[in-house]
């Protein structure tokens, strides 16, 4: 599938400001995610990546700015929409910390993922796809989600988001709490699924080198502002600025 | 040799299938300033909860000031001099700012006279820069002030060890410097400090030693510059 | 009373049958308290309202108990949804569920009970259906229809609710809503709607349980209180949010009460539920089916 | 402590002391006035007024007792009737076995109810708060079952109690009971006031706001909750001890009446749970209203109205009358 043929499922964010009470977290963020791209938001914790994702999902109400999503040719203004409606449009989030329903089984978690009207009719196909993509989940379909290991839970979280048949997939800190080997596996999984399903992906991740492996483009957030926007993320590799932000030298 | 004030050995905590902490060791010497860092979700807060008695570890032991406190309830740890702040401020919302400070003065320190408590509370409020806000409800405080209140309440317990859990998140550079100065002053008075922090600049400035936790395991422990040069620490932050 | 195996077996059968009815009372508490985290101690009051509705329907329109269930349970469902809306608006939304919320339900319990007294008086009321008076017996064990009907209705109700919760989309959101509200939003479901529907169902089951109660025995308003202890004991013993747990715990309580009644007299049976509740809280707060 | 705009430290310091003694003085003065009035009025007023006063005072005690755990600590006790009945039946048992002055019966009743409170608390207070509430509800029922099955105290039929002779100092036994209740009410309110101002009250307030944060501030939460549960239960038992002499006939339905439990919750919540005077205000308001309604309409209707008031207050005015008054004062400034 060539990128040019994908129907434009894109995100455009302009001049976004947001915060919690007194604390301003985002000051004037503008980013765009074009159809079929994988864009990564980089930066260490507390710099506003999660808040930006939450603004897109309607979980945090921005104080100013514009968020628009274009899905299958229709453009939606996301500001003021409820999280449920945004999911209904075709945007799903794999939340930070996975947020599974720990006392439901793996299968119940997955079935819940297809709550969205559009996804319900294709629920058995989706389930088959997820079990195919994650054989581990099939083995453990009757197990409680909370009893699984961190890596398995992350797979389930991704699979649950896919059950909604999203066009745009947001992923918030997939590496959280995972051992390094699992981090790279998870990131690869996201890249594979993106390719298979023709998704548009926006991923927030602090694990810089892992994230840029799959990125088409990247933004670096520091203190709620975009300090770097890279069309060629590999170029960021050698950027001394990035090193400084991360490891605090200098 | 300087005596150890806090020594955690093999602390392990599981939540169902998720291994939040796997045999983590940590020592804090008397008067030392240690930074505890790690990516988000690596288990730092779980570790703090185990140290302070909010969570019971599944395995491991914690020695504080020569006593095994592994099974000691949280309030008694506070009384013995192990104080903490909460990452998300948890003030007593039904009380004024000053009354918040008075709770540990009464319960952790054991003051009984209202006059002494009130005076001591004002000293602490001035110390953390909330002197003017003493009679306000915490509902009227900003995020920054709430952090200071957290810190003030921990100080009021007259701790031997202070565990500061992300007291600087969301603060401006000058506010970070302000809190750092305060922590340094407390340290100079003899309080050992364990600082959990994401802001690397602050950690590098403050800590004499840095401990790194990744995915529930300790991967590094040593001098700040050396630790940050370490291959696996860089990998944990920047990836491979 | 002298011990004999005949008595024991009879008591166990009676207890199991009684337990089926108890399950119909407790399922609503399992839904509200276990799945929605709403400590609805007024649940038995809704039950007693159902019993008196059945009485009223029978006196005024000649409804038989099944017609009463068919007519009043949907009313209970709608009332429950409206009631949850109000509860959400006044308590959940402002995060003031603890003292005020508990007192609110206690007040509702009291209002319903006194309301029934004001309308119907404190005398025992009953409905009579000829077929309910007959008994079926196998060997030395005999069970009257007035016990068997509630048992069967109770089991059917638990079965259908279990199916509804595990097989439908709304049902699954109800199972999930107490675990992570934000995650529910992220799959595109509205948690408030899930809770509203579930609370409606819980009240509908209370109405049905009330109709079953007046089939079993004559009722008077203060019966409510015994059932608070019973329903919550079952719910806690069953693991709070588990439907199979509710069934098993109901049967255990039914049998325990029947044995107590047989050997010590019926006046001791209200104490059984408290004993069971305390034992559960002491030894296994997660209940037998705690997930 | 007074919360007026005293921002300078020098001015702030003396406030708690003067505030304290003022409240204490108020309790003493009101109590003394009530006592004097009761003694002076003697037989000049009808017995009905004594009975009404007794009932209201009894609810001052019960509401105040409930508030020590419920209002200060945030743990809801639905079983007030159970603790009250323990007091009643302690008197009845003692009266039959070893007759003694009422005062000692009250002390033993307090001890018994206190022990039951401690036991219930010990078993359930480690768990979520609602488990304690549910346990107290069930406790009242199991106690009632015990009494119903205990023929020594009359079982379900109930028992008659003969009032002892009274010294010439009082015009009637009822007057004596009212004087006694005034004393008990003062005692209960004084206890609540002392708890509120002492380390116990401060600790309970911290627990109510945030239990984990309280623990890390050195507050031994389980211990404080147990102290409060025991004190609260003991006061409820004390309130029940004179009841058999007041009604002269007690049966389980009366002693365990749901009306007692509802009133004990409604009065603090209507009055306001944050201070010692909230339950007093609530008891006087609701208690008087009920007395009037019982006479003018019916006793069932008055209970109905208590239920409605409780629901209205918790939904619309969750801080009670105290909250309304404070809001109004603040609004005027």
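Letters A, B, C and D name the chains as they come in the text, with residue numbers starting at 1 for each one.
The rule is short, and it goes like this: a residue touches a chain if its C-beta (ideal position, glycine included) is under 8 Å from a C-beta of that chain, and two chains touch if they have at least 3 such contacts.
For clarity, every value in this text was computed on a predicted model and none was experimentally measured.
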Ask   = Can you list every chain that touches chain A and also touches chain B?
value = none
Task = Would you mind checking which chain's C-alpha centre is most distant from the centre of chain D?
result = A
Task = Name the chain pair with more contacting C-beta pairs, choosing from B-D and C-D.
result = C-D
Ask   = Counting in whole Å, what is the centre-to-centre distance of chain B and chain C, each centre being its mean C-alpha position?
value = 48
Note = In whole angstrom, the CA-centroid distance of chain B from chain D equals 42
Query = Once you find the CA centre of chain C and the CA centre of chain D, what distance in Å lies between them?
reply = 32
Note = Chain centres from averaged Cα atoms put chain A and chain D apart, in whole Å, by 56
Key: Interface hub residues of chain D, defined as touching at least two other chains   = none
Task = Among the residues of chain A, pick out those that touch two or more other chains and give their numbers.
result = 102, 144
Note = Among line, ring, star, complete and other, the chain touch graph is ring
Note = Chain-chain contacts, ordered by label, are A-B, A-C, B-D, C-D
Query = Can you list the chain C residues touching chain D in their complex?
reply = 33, 39, 41, 86, 90-91, 96, 98-104, 106-108, 110-111, 113-115, 117-118, 222, 225-226, 228-229, 232-233, 236, 265, 267-268, 270-271, 273-275, 277-278, 281-282, 285
Query = What does chain B use to touch chain D in their complex?
reply = 52-54, 73-76, 78-79, 83-84, 86, 90-96, 98-99, 102-104, 106-109, 112, 114-115, 118-119, 122, 131-132, 134-135, 153, 156-157
Request  = Enumerate the contact residues on chain A facing chain C in the complex.
outcome  = 57, 59, 82-84, 87-88, 92-93, 95, 99-104, 108, 111-116, 120, 144, 160-161, 163-164
Ask   = Any idea which chain D residues touch chain B in the complex?
value = 1, 3, 5-7, 9, 12-13, 16-17, 199, 202-203, 205-206, 208-210, 212-221, 274
Task = Name, in rising order, each residue of chain D that touches chain C in their complex.
result = 70-71, 74, 76, 78, 123-124, 127, 129-131, 133-135, 137-142, 144-146, 148-149, 156, 258, 261-262, 265-266, 269, 273, 300-301, 303-304, 306-308, 310-311, 314-315, 318
